[in-house]
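Shared between the two complexes below is chain A, which has chain B as its partner in the first and chain C in the second.
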Partner chain A sequence: MSVLTGKRSWLRTALASPAIGRLGVIAAGLLIWEGLARTVLDPEFVSPPTRILQALVTRTLADPTVLRAIGTTFWELLLAFALAVLAGTAVGVLVGAGERISRTAYPLVLMLYAVPQVTVLPLFVMFFGLGPASKVAFGFTHGIFPIMVNVIAGMRDVSPLFLRSARSMGASRMQVLRHVVLPHLVPSFFAGMRLSVAMTLLGVILAELYASIDGVGYFAHLYSESFDPAPLYALIVVLALMAVLLNELARRAELRFTWRRR
Partner chain B sequence: MRMQRLLGIFSSPKWIQAGFIAAVFVAWHVLTLSGRISSLFLPSPGAVYAALTQIVASGAVVQAIGTTLRTVLIAYVGAAVLGTTAGFAITRSQYLCRLLEPLLSGLFAIPLTLFFPLFLLFFGIGPGSKIAYGMTYAFFPIALNTISGVIHVDGKLIAAARSMGAPPHLLFRRVLLPGALPVILTGLRIGFFICFATVLGGETLSSISGLGHEVANSAQLMDSSRMFAWILVVIATSFCLVMLAGRLERLRGDLRGGESR
Partner chain C sequence: MPTQRTAVSSQLAEVADPWPAHGGEPETAILCVEELRKNALSNSRDASRAGDAAIGIRGVSKSFGDDGDDGRLPALQAIDLEIRRNEFVCLLGPSGCGKSTLLNIIGGLLKPSTGEVFVNGRRVVGPLPRDIAFVFQEDTLLPWYTIAQNMHVALEFQGVPREERPERVRAALEAVGMSEFARYYPHQLSVGMKQRIAMSRGLSLQTDIVLMDEPFAALDEQTRMVLGEDLSGLLEQTHKTIVFVTHSLAEAVFLSDRIFVFTARPARLKSIVTVDEPHPRRPDFMTSDKFNGLRNRLYGLLREEIREAVRQNV
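Right, the complex of A and B next:
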């Protein structure tokens, strides 16, 4: 009897912890998916998770052309993101530094930010071709906005009190920028960077899906048009892992550089 | 003296912005006149204007905007209803909140565009796949904001209402909903623009009608003046939507100001 209650309380504590409960939810979801996919659902559209795993190992990871495509997409992503961070910070600091220029340019930036960029995607392909260049460019224009907007906003809301006291203590413009404005910028910069990771991914993947000759988008089209869902899901799993990895990196960087403020 | 005042007026942000847009158009005109850039990449403003009048006159613009907005509206209403309902349902229990909230925000961090081929596979190339795609994308910010709005309602207010014997539906209507509303509305606004951008994206990638389809189609036909005209239409549409959202928000602010008075 006591063994039984002991068992039950163990189960209860396990379920009471949200992290384990979450794993349970995921596992239950996968099980239901597996069951439905094996019985009711059309195999031309849905693959059970086990078959996706099999496709991931035997087809996606074993096929050098697919591997190369995944590698290409990864590099496109990293390059676009690095460029977006550099250019976004530079433009943001320049625009945010002056009162007049920020009042003039900030609404313009926000206005441009509001336009869904997908509409100019065909233009990017026309300018930069079907290769990786158009993906990097499109990822870049997606990724630069959150950083720019957050950097400008961060620079604008430095308390005037700090600026005045720094100036009254004889700090030069550069010193004010270095010791007052930039430290103040850190949290909003990292918030912008995390958004930027997601947006860069979105840009690169949109461009890949729109037109691609050697990237992931090509294979995604190939699989979905030939009603071959297992490798398509496997590809999505790989890309999702890439997204999670980049997101986690940005989150770690954020924690690392902002911990002192907590 | 007068000169200085004039200068003062023209250096105000509004004028500089207008000047910037004018300068872009002038630069565009000069660039195309110089003949350095192929008209395939950058058609002259005149050619774009001609294409614009043509698509407006043929009624294609109204039709495409209608298709896209209808798709967006259906997807958005679905996402708003599902998102707020799911959000409120999850916040009914603290355990569910801690269980599902990280799951939802984790899913939202994955670019759902990845799944667009699946939406095509399931719902076909018509508006159905865009509705489902837009709805899925907009669901997350709305549900997440609803959860965070309800969680951050002042616990003292809830305790006070409970101790005065408020039944659940009154607690919801008088405390939880008004307390969480600002955050929920932010989610609804973000959700709307995500929905709009997502539907446009879906139409651009693979579709048979709508604004995104028209842009992508003119691009595929290498008819760049027409493509630029359609891009201008999309930009104008999104500006109108942004302004409409701003207007609605101000209206709500005015109403609230009236209430508290």
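Right, the complex of A and C next:
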């Protein structure tokens, strides 16, 4: 009796757990996709998940030129992201620190943030060429904004009470930065960082799709023009994995450094 | 000075010195703390006038808002008073009359519109971390640091040498019976415990003067009674000058040597009530006729002012 109820409640817990639920939704989605793709959908546009997996293993991952392209994109992404985080934090702290500069520059930053940068993409290719430089640059200008905006916003809402209290105890500007402002920034910094991963990837891929001689975007272009959807989907899977990986890195760093968790 | 401040320094717009890190006014010299310390106690020719008082306040008025502005709000009006060394005084007045403003002006965090403040005989022009410690009404413990780290950082701000800090922190926590919570984060403590820590942090800075702005306001009556007794006991050993803001008449009588009663906004000094009773005070003082007599007298002084303050706020 108790064993039975124990089992049932175990099963119920498992079904009620959000992780299992999520997996269930994903599995159901894949099944429906598979069914539709094998029956009603045009194979020139949509591949079933099984075929995509097959293409991923036999074509994408087996082809050294494609592998190299994935590597190129990954390094472009990583470099653009690292530069965006460093520069975004530095600019954010500088702009956020000064009263006047913050009032002047913050609206400008927000305005620039709102403009779709894809409009100036041809300029990037013209300035930086067809190689990785234009991709890194375009990824960088995409990735820097979420960091900058979040850091500036964070600097602007430091509790005046903490500042007043620190000031009354004789804190210097460096001490205030180190003990009050920077710790306060941590949560918004990481929120910006995770947005930045997605934006950087967007920038890099856009630049690659627009004009390139290498990278994932180049092959994606190639496959889509030859109506070869399976490896195209496989590439999309690879890109998604890259984004998930970087996002996970950011999340780990966040867990480690966020004081709220402690 | 711009009327509208948006960045970090917004709340400090009115302070005596632009906050060095975030003052942001390019035309104002950015002072480092050392300079601030030197300047804060400027040797003024008026020093003699301040006599032996720990704190002298001369003709201090304060209005918020810009000159000639219709919305200009007078908060303090021609305050003259003197606080002696080792004295415990309370500032008592209706809500919103300007008590915190006066406290911030004494501490050099806010600049008076007119008049001067002297601390230990010298004119105040900025914060005086070596002479004055604050205990604020609100919770000012940094949430990302443990209790011990918070105390440590306070000493670092004040410029206490690194090797002296751990012992000072330990002693300060022990003095308020909070040693076992050294490694806790503020959010893990009750409001009363946090305020006890804030009090001990203020005392650990070893300044002659401690300014306390309703440090017990967020506490329940039982906790404030205990903390009040603790404070009275702690002070007996340390010989400090304390300026204490409170709304509680009982607290004022129980703790103070003298009570300054203020009018409704703009605050003017209405009366000074002396409590002639040695420290540390025992709980049975609270039930004595003397205590109740003083309390009633304070209430009589404040009644009209409270009505006036309520009228202002409708």
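In this section, the second predicted complex is superposed on the first by the 241 of 262 C-alpha atoms of A that agree within 3 Å, B and C clash if a C-alpha of one lies under 4 Å from a C-alpha of the other, contacts with A are read in each partner's own complex, and residues count from 1 in each chain.
Here, contacts are C-beta pairs under 8 Å (C-beta built on N, C-alpha and C of every residue); 3 or more make two chains touch, one makes a residue touch a chain.
Every value quoted in this text rests on a predicted model; they were computed, and no experiment measured them.
J.: After lining up the shared chain so the two structures overlap, which partner does A:Met155 touch, if you call chain B first and chain C second: first, second, both or neither?
T.: It touches chain C, and chain B stays clear.
J.: Figure out whether A:Leu121 sits in contact with chain B (first) or chain C (second), or with both, or with neither.
T.: First partner only.
J.: Under the stated touch criterion, which partner chain does A:Ala166 make contact with: chain B (first), chain C (second), both, or neither?
T.: A:Ala166: touches chain C, not chain B.
J.: Touching A:Thr39 in the superposition: chain B (first), chain C (second), both, neither?
T.: Neither: A:Thr39 stays clear of chain B and chain C.
J.: Just to be sure I read the superposition right, which of the two partners does A:His179 touch: chain B = first, chain C = second, or both, or neither?
T.: After superposition on chain A, A:His179 lies in contact with chain C alone.
J.: Quick check on the superposed pair: does A:Ile236 touch chain B, chain C, both, or neither? Answer first, second, both or neither.
T.: first
J.: So, A:Arg103: does it touch chain B (first), chain C (second), both, or neither?
T.: A:Arg103: touches chain B and chain C.
J.: Considering only the contact definition stated at the top, list the common interface residues of chain A for chain B and chain C.
T.: Overlap of chain B and chain C footprints on chain A: residues 100, 103.
J.: Once bound in the complex, which stretches of chain B touch chain A?
T.: 11, 13, 16-17, 20, 40-41, 95, 98-100, 102-103, 106, 109-111, 113-118, 120-122, 193, 196-197, 200-201, 204-205, 211-212, 215-216, 218-220, 224, 227, 230-231, 234-235, 238-239, 242
J.: Report the residues of chain C in contact with chain A in the complex, numbered from low to high.
T.: Listed in rising order, the residues are 2, 5-12, 15, 19-26, 32-33, 36-37, 107, 109, 127, 129-130, 132-134, 136, 138, 140, 142-145, 153-154, 156-159, 185, 205.
J.: For chain A, which residues are in contact with chain B within the complex?
T.: Result: residues 16, 18, 21-22, 25-26, 45, 100, 103-104, 107-108, 111, 114-123, 125-127, 198, 201-202, 205-206, 209-210, 220-221, 223-224, 227, 229, 232-233, 236, 239-240, 243-244, 247 of chain A touch chain B.
J.: Taking the complex as given, what residues does chain A use to touch chain C?
T.: 96-103, 155-156, 158, 160-177, 179-181, 183-184, 186, 259-260, 262
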